[in-house]
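Chain naming follows the written order as A, B, C and D, and within any one chain the residues start at number 1.
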Amino acid sequence: MSDDISRPEAIARPVVPALEAVLGRPFRVLDDGFVRVVDYMGDDSAVVQAARTSYGAGTKRRHEDRGLIRYLMRHAHTTPFEMCELKLHVRVPMDVWRQWIRHRTASVNEYSTRYSVAIDAAQRTAPDAWRLQSPANRQGSAGLLHAGQGAALSEEESRLQHAARAAYQARLAAGVAREQARKDLPLSTYTEAYWKIDLQNLLHFLDLRMDARAQQEIREYATVIGEQIVAKWVPLTWEAFLDYRRGGLVLSRIENELLAALTSGDRARAIAIADEGGLLTHAEDGRLKANLEGRELEDKLARLGLRAPWTE
Amino acid sequence: MSDDISRPEAIARPVVPALEAVLGRPFRVLDDGFVRVVDYMGDDSAVVQAARTSYGAGTKRRHEDRGLIRYLMRHAHTTPFEMCELKLHVRVPMDVWRQWIRHRTASVNEYSTRYSVAIDAAQRTAPDAWRLQSPANRQGSAGLLHAGQGAALSEEESRLQHAARAAYQARLAAGVAREQARKDLPLSTYTEAYWKIDLQNLLHFLDLRMDARAQQEIREYATVIGEQIVAKWVPLTWEAFLDYRRGGLVLSRIENELLAALTSGDRARAIAIADEGGLLTHAEDGRLKANLEGRELEDKLARLGLRAPWTE
Amino acid sequence: MSDDISRPEAIARPVVPALEAVLGRPFRVLDDGFVRVVDYMGDDSAVVQAARTSYGAGTKRRHEDRGLIRYLMRHAHTTPFEMCELKLHVRVPMDVWRQWIRHRTASVNEYSTRYSVAIDAAQRTAPDAWRLQSPANRQGSAGLLHAGQGAALSEEESRLQHAARAAYQARLAAGVAREQARKDLPLSTYTEAYWKIDLQNLLHFLDLRMDARAQQEIREYATVIGEQIVAKWVPLTWEAFLDYRRGGLVLSRIENELLAALTSGDRARAIAIADEGGLLTHAEDGRLKANLEGRELEDKLARLGLRAPWTE
Amino acid sequence: MSDDISRPEAIARPVVPALEAVLGRPFRVLDDGFVRVVDYMGDDSAVVQAARTSYGAGTKRRHEDRGLIRYLMRHAHTTPFEMCELKLHVRVPMDVWRQWIRHRTASVNEYSTRYSVAIDAAQRTAPDAWRLQSPANRQGSAGLLHAGQGAALSEEESRLQHAARAAYQARLAAGVAREQARKDLPLSTYTEAYWKIDLQNLLHFLDLRMDARAQQEIREYATVIGEQIVAKWVPLTWEAFLDYRRGGLVLSRIENELLAALTSGDRARAIAIADEGGLLTHAEDGRLKANLEGRELEDKLARLGLRAPWTE
């Protein structure tokens, strides 16, 4: 064997003490859910090891691990992150699971309500936890219902969940097949699953599901997985993820040019760029107003300490 | 350009008149569901065209299309079947959708009950359509409940579905966010989706979901997709699929050897093979009895017109 | 059927005249390669149609198509772009194909050199087309070799390719199996394939392979696919892709904060942020110097018309 | 928490001593290749654990592990096998890697010849190892070339590999970029990669690549992975795989019916079934002759100790 990149030798599997310490321990989520680590493969150095294979031995001297991981994250060199794998055991309401399962890159074994009687637990809502429909965001919530009004909804929720369970039990008692008896269980019914996914796809899941636009319930699960598990498992990757993905800001070509005009002090040109780019609407009185894309730009500019020139 | 396998020239997209005739037309399934074709790419000849690329120009003279497609199906040469694509618009109860969505190789856009009010329809069960739990198969059903007893269950189902809808409407009326209000809708609530998948993965879906072990509801959808749509779209592929996948019989190495012993008339050796292979259990009185694997072999032998030697 | 989001009715497949006009026509790439469209499914409105399913009927009145597609692109709502599919026939050197095939989300049928004699064509390099190793970028090239020196390399290339072909032919003449005879063909040998991929994954391919960091050969293919094919097929999606993905700028959390400090005129704080974020190194004489991550930030600031404060 | 299927508690990762014993140790393949295990996740019990989640607690009493794993294998219940993961470091000729990489379900980091100088090793062929083209199977080989004639081919192979390497070195010496200099390296050049895949997809890879129809080179790698690694790692799964997948026999619906006719002694009906099924051709003298599909059936019958009735 000649010129190979490695000197094959006896090795041991990577072990992450901080993750070993919580192996199997459930982190509670919602009123009756949990997430726990069942197994894992790899760590930050497994990412580095794979990346150096792709970039050759020469890089060993040039990059420190942290720098290399940040470089990978920054340039969307995603394959080295696939070299780590996590297996979780989760317990979630079926309504949350409906969103969760949309991520197609994981391996899944869900508790079967064809083989077994459905789990006798449904997610309950406290009187002060009913969220109001967001007027601005059609798919979001904003603020809470008054707890007094919420109490009635919580009582009705409880009645409904009991009625659904009673009907389920009555069907089973009559001999109806489990696969059919379950059909009117509420979406709030808990289910359980083993869920196995590589780090790259897990970060994608977390990026979408920790986001403010994600529904609060799945956001709570994603936050626990990220902050309680991934942060312990691969701390360098987690830091780079927070910096580049969670805390990052993406500017379009148009926004980029507009910002350059702004920093050079040319507000008129900045407005013209926004207008030509289709980010503004013209009111009858001639005033300019941002459309949805324009309003999102206003928010980005605010994060950079700037004001959109058409708002001044 | 020299020696290329093709003479690139102006071409037209393949068109399948039998499928064009039903484009957009809903095929009804269950009490309020449907499946309809929105778009498709390719046909039987697209499979053949791709296969001949992989096998070279020489095969053109050797195989007829039908023979080539059967060869591909027989030898699990699956990639040419990926060259065809189907896009459906489906309407299914969420409980069925839970099983459907487990197939991770499709592209999906589901109706959102965060953005919009949930579809006001839930799957109903007729008094004579309540299925009994199968005693033999823990995940199946067998036979029907007496319609008299079923009537009570159907009435209760209706009450429950109305109560759940009323609670949903009350929450919306109180201003609760759609994403949270929906949490106690029954699993029987209908949803809709665009579902796009290639032919290879579609056949895998159909093989699993047309199977007698699949739940009846999804089996009805799969059967409509197979018999009303795929059979029209790619008739040669469909015929090969029925012959090799749906109607095929898989024998294990053990079963293979046992069958060879049987056809040579050596019943004692056949029994010994089953015994050593772990397909039989020994009762206290010394009698041999098939376990689960052994009973499945008995069924296979029956399909071949043979009896298991330990049953005689 | 009640309350459904659609009125199922007879429909026709979407047709894109600008793409139909080039169907089957090869676009030449490199000295002997090509790309041509064999089939396609969907168009910009298929993206919109699928997105509106997920966001409900209510969005119909709120968004124009262009705005909706830009919104999807901006917020990484990727599933609607999966609803379009493209099938290409390509001819590429095997060395390019090695990079191409790393994209795992496509369906592929490649010309087989087990079944058939290898294509008798290898990519040749003109005397003035030998690229110099980039000193700055270990994986890139920069500038060209002097054509005089290149002439010798091109002659040697020709000799080598002929010798390899002659050895291949000699093996075949001696009766050696094609699958083994090919083993010493050069990586520059052309191969052909059918390649089918959905629009979302195609855009990801183009984003990586049209990039300045991609190798020039595959960049030429990607550029032809993007500018000659995708731009004609889905013009609104293409425009949004250019604005948000190709022309976009991603700032990390650190860069974001640093930019805010800069726009508020606080250069000292901007430097401190870069230093704490690990973007600077301290020389022995106390001077600050950007490391790799820092130099990339300098480039981003330049695009925004700004200078890094430590360079002044 | 109530009625859950598990009692979450502290756990340890599964460890497989037989696999630990070879961790990191290279298994040699071909003249200069290897395969070695870098990491793994799960074992036979991880498959069982996941399967029992899907089938509920009740199955604990009914199945032994071996029986359950055989049941999963027999009925293509594939998801529990995805719960195990293997990471290999491999060294293979690029020509083998071209076939290997077609399996799209693995994670890969390959040694980069853009970043680093190509590995200075190419697969060599001994004078007595040149395989003859199979006359029966267009994509296969059969028998060996006479070593005397082979010696000349081996010498030419050596000359060619040296010339290619020399040209590569001359380009590098002239300053040509590595990414371009490599373009005429022979396909026999060795490359290395980390390759990570789950057990289900690994078994699929092995089933195709251990097959007699696979090219000998990749078959040697697959055999080492199967027999030296997977057999140690998950012995129950490996046994079931050998019985059901490697040693299994698939009969089509037509073959099934024909076999039933044969075992009932009705040879005329068996011939008619084959004829109607399109497995026979009629010679001008009226004699029946099997086509390709028919000849494959003859082989299957032979494995069952039977003769095709038209051959008697």
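Note that in this section a residue touches a chain if its C-beta (ideal position, glycine included) is under 8 Å from a C-beta of that chain, and two chains touch if they have at least 3 such contacts.
Predicted, not measured: the structure shown is a model, and the values here were computed from it.
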Revision key, fill the gap. Those chains that touch subunit D and also touch subunit C are A, B
Exercise for review: Compare the CA centroid of subunit D with every other chain's and tell me the farthest one.
Suggested key: A
Exercise for review: Check B-C against B-D and say which one is joined by more contacting C-beta pairs.
Suggested key: B-C
Check your understanding: If you average the Cα atoms of subunit A and of subunit B to get two centres, how far apart are those centres in Å?
Key -> 31
Exercise for review: State, to the nearest whole Å, the distance from the C-alpha centre of subunit B to the C-alpha centre of subunit D.
Suggested key: 27
Review point. In whole angstrom, what separates the CA-based centres of subunit B and subunit C?
Key: 36
Practice item. Give the residues of subunit C that touch two or more other chains, as numbers and ranges in rising order. Key: 55-56, 58-59, 108, 112, 115, 138-139
Review point. Which residues of subunit D touch subunit C in the complex?
Key: 93-95, 98, 101-102, 104-105, 108, 112, 114-115, 122-123, 125, 130-134, 138-142, 145, 149, 153, 156-157, 160-161, 163-164, 167, 170-172, 174-180, 182-189, 215-216
**Study point:** Residue numbers on subunit C that touch subunit A, as the complex places them
**Key:** 55-56, 58-59, 66-67, 70-71, 74-76, 138-139, 208, 213, 242-244, 246-256, 259-261, 263-264, 277-278, 291-293, 296, 303-306
Revision key, fill the gap. So, in the complex, the side of subunit C touching subunit B is made of residues 1-6, 8-14, 23-26, 32, 34, 36, 38-42, 46, 49-51, 53-59, 79-80, 82-83, 85, 87, 89, 91, 107-112, 115-116, 119-121, 192-194, 196, 198
